[in-house]
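Below are structures written as structure tokens.
Consider the two complexes below, in which chain A is the common component and chain B and chain C are the respective partners.
What follows is the complex of A and B.
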């Protein structure tokens, strides 16, 4: 599987128009001859057949070397390392926020099924899922950073300041915009999951035993309703990453998403390959963790 | 419970080939129109579609392209319904033309990717074995990239433009349809009316296209609706990042891109709020329709 991923990443990156030799001379003044570019290609081994180049790249990869950026000439791995922190911070806080709010609202709405609150929440979750994430970001900037200047518009720190409070202030809007869609999603699933549990036989048994409604909900229903939510976390991580690309662009948040945007616009092939590979690995690892968590929580599931 | 009872008595099995018959669709239409949100969705969608088709025909659409320096950045209070942009182009007309792009990209890409998905999923589910393994492994691999990541890479390979954006989305969006089709087929294949086909010696392809796929259609149609909503969102995102459809062709995504300048964002909200609202409204109504379709076509699903 990983091998196929590396192959796809490599082929896609190599299909991009332009190559490293061209990129190196890209900002030149026009005095570069075709021969010079050709010479550079030969030196960099770009004239070798695709398969040879693929295996050379793969060999480097196994040694943990992602190559060197063709635009900034920094090692790709160093560039990625520098940006992981901000992205993880953004994605992590947003995931936690959306799980807490989404699941709470979903369960509330399931318990009060068919009430006005349930109806309004359901419609709101529909609207939440239909808003383009970058539009939410722009609206937040417009209202909470420009019209009522409570929060900064972009970046991770103010000039010169580096305190925790300052970081939190910068994090708030991007994190909230990234979360709205996820909150809606978690709400919808936890509502459905809770409803299913509430309609099951053992809840009726618990009720007919005379257990208080509150205890039925918390002790009997909640635990079982939460199990499917774990799968949802795994599914949401790649989506969250896609969202982070948009949000980081809107808020100029210096994370992997912005790095990816620059890599695409500058056609920086080795950086692109590194980032694609990295994001695919994140997805695979999160899927694996989800499976493990699922098996731990639900004793009915066993893997051979 | 009742389903199990029917299945035991053979009634459900016998009736299931009628799943794709007239009675089923008639009931589905009735169920769909009882769904309030779905009706709201379809009405909204119809209004948006009709307006973006006919408004540029009724009024001269050149006001969306011609640079008019006498009326730049006019606010909506002036003669133009939604004001004009930095080049004096009519925002409302651009909005309607953008609607054409968004809706057609959404529709075409959703249909094409669903067709690819049905074909691949159908082959995998029907033949099983090594072919199934190969196709599904490939599908899994495609799904292990964050969607926007791989889509941005593909669009930058293919280059910008409406056609290329559609193509990129089609090449990547078929995975869900393939998975659903395969799952449905694995389930249907074991049912009795397929065995009857085998006993009668009917050609395998005829069984696949005439009997299996029509029965698997409900979840596929529902999935296609949601794919269309996704696709419209993806196109807007790509255009917003400057990768999808480029100017001068107006799309909702690249109209929103104007808001990346702080002056536009703070001083001229009529330039970027309307396209955002249009995307949201369109996607919302498609989601409503999809939800209604799911309730109408697939009563078993309870989401």
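What follows is the complex of A and C.
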């Protein structure tokens, strides 16, 4: 699986016009001769056939080496390690935030079906799902940077500051813009799931026993309603990752997403490959975790 | 069965008011349930037998469901219709317990049988989990579930259909209710298991002296179990009598039709085809103003099409709602 993914990405990256050698010298002022670029290509091995380069990369990978960046000459793995923290922080908080808020709102909306609150939430979630993520980001930047500068709109820390509160302040906007779509989605699905569960026979069985309505909702309905949500979380981890690429660019968040953008614009193929391999692993691992989580919450799967 | 009335239903009407129209599911039914009595409630699908019984504990979606004003359900001198949901909760499971139709869907699949059995008990008696589990084990044993202690830790998916229905019955018995509402508890089971469950219910009646409301469309099952039978049609009770009286001397044309549609076990019987009642039950989107059976009835006269007969006594304890009887 991983092999196929890396091969496809390698080939696609190869189709991009321009290469690292050109990006390095820039299109600039004409002082760089075609020969110099050609010489640089030869040095970097860019003139070899695509497949030869792919297998060279693969061979290195098998030795545990992701290679060095073709632009900065830093080891790719080191670059990734440096950026992993901020991205995990952003993705993690966003995921947790959207699960908590989205599921809570969805459940509330299902329990109060056809109430005014339900209608308002449904409309909001529709809007939330329809807005492109970079658009939300840009709107936030516009309002909070230009109109009412309450929250900082770029970077992870203010100059010289390093406190936790400062970090939270910087995290707020990117995290919120990354979460809005997720919140809307979690809300929609948990509302639907909860409604379905609330109409099941066993909910009436539970009520017939004379237990409190709160217990019916929490012990019986919620547990069952959350099972399909697990799939949604699994699907959302990769989606969140791709969302982070845009949001990190908009808010200058120093994470993997920004690194990804740099890699693409500079045609830094080895860095790009490293990042793709890394995100492919994230997707596969999150799928595996989803399956494991299923077995944990649903006894029917555990015993089969 | 004693003469003590433990549940008295007076003029119970239930309607479902939705945006696209109303459905008048139950239209003014009255009956008494005696201590230790097994009351069979029969009728075809959609005649209101389940809704009227679930409405006793308000176990219907409200809204759109609504118990209409004028309805009263007396239990121990209290009107259940007037109780708040918090007060009514004290009756649910404790005084009146329900055995549901389909044991496949009536259990929560992600909770152990034991946990589902004890939650009502713990709620009503405020005892510890351990004591409740002990009681659950005893009742599972009594309802014929082998290895009760270990099976309490199992999930519903690990039980067979018959075993689940036994567990459902054990669960309903947890709080020693005085009334059991059995909503077609054998319909979803195959015939062998059905007869085992029926035997179990007879044993339970003997042992606990519980009054049972047995909802069914299976006239054979009701004949073997019930003391009295209410025949329902279009949300009304059209005939009510002692079980033998009803089966041997049916008065209402609908009851006659129902009994006539049963296959006979008599080999010499030259009846080739089963009789059926022509037509369809009325759509209950309007309040009933004429006899709901008039359109399907061979004995209907003008008066049937202009007024609705009410349930009245003919011979001793035999009630019929028909102008022509």
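The rule we apply is simple: the second predicted complex is superposed on the first by the 263 of 304 C-alpha atoms of A that agree within 3 Å, B and C clash if a C-alpha of one lies under 4 Å from a C-alpha of the other, contacts with A are read in each partner's own complex, and residues count from 1 in each chain.
Here is the rule we use: contacts are C-beta pairs under 8 Å (C-beta built on N, C-alpha and C of every residue); 3 or more make two chains touch, one makes a residue touch a chain.
Just so we're clear, the structure is a prediction, and the values are computed from it rather than from any experiment.
Once the two complexes are overlaid through chain A, chain B and chain C fit side by side, free of any clash as defined at the top of the document. With chain A as the corner point and C-alpha centres for all three chains, the angle toward chain B and chain C works out to 70 degrees, nearest 10.
By the touch criterion stated above, A:176 is placed in contact with neither chain B nor chain C.
Of the two partner chains, chain C is the only one touched by A:297; chain B is not. Of the two partner chains, chain B is the only one touched by A:284; chain C is not. Using the contact criterion defined above for the overlaid structures, shared-chain residue A:215 touches chain C, although it does not reach chain B.
Applying the stated contact rule after C-alpha superposition, one finds that A:207 touches chain C and leaves chain B untouched. Comparing chain B with chain C, the partner in contact with more residues of chain A is B. Of the two partner chains placed by superposition, only chain C is touched by A:223; chain B is not.
With both structures placed on the common chain, the touch criterion links A:130 to chain B but leaves chain C unconnected.
Between chain B and chain C the least C-alpha distance in the superposed model amounts to 12 Å.
Residue overlap on chain A between the chain B contacts of one complex and the chain C contacts of the other is empty. Considering their complex, residues 1, 4-5, 8, 12-13, 15-17, 123, 126-127, 129-135, 138-139, 141-142, 146-147, 153, 188-189, 192, 195-196, 238-239, 241-242, 245-246, 249-250, 260-261, 264-265, 267, 272, 275-276, 279-280, 282-284, 287 of chain A touch chain B. The touching residues of chain A, when paired with chain C in their complex, are 200-202, 204-213, 215, 219-220, 223-224, 227, 297-300, 303. Against chain A, the residues of chain C that register as touching in their complex are 54, 57, 59, 85, 89-94, 97-98, 100, 102, 105-111, 116, 119-120, 123-124, 155, 157-158, 171, 175.
Listed in rising order, the residues of chain B touching chain A in the complex are 37, 137-138, 140-141, 144-150, 152-154, 156-157, 159, 229, 233, 236-237, 240-243, 256, 259-260, 262, 265-266, 269, 272-273, 276, 279-281, 283-284, 287-288, 291, 302-303.
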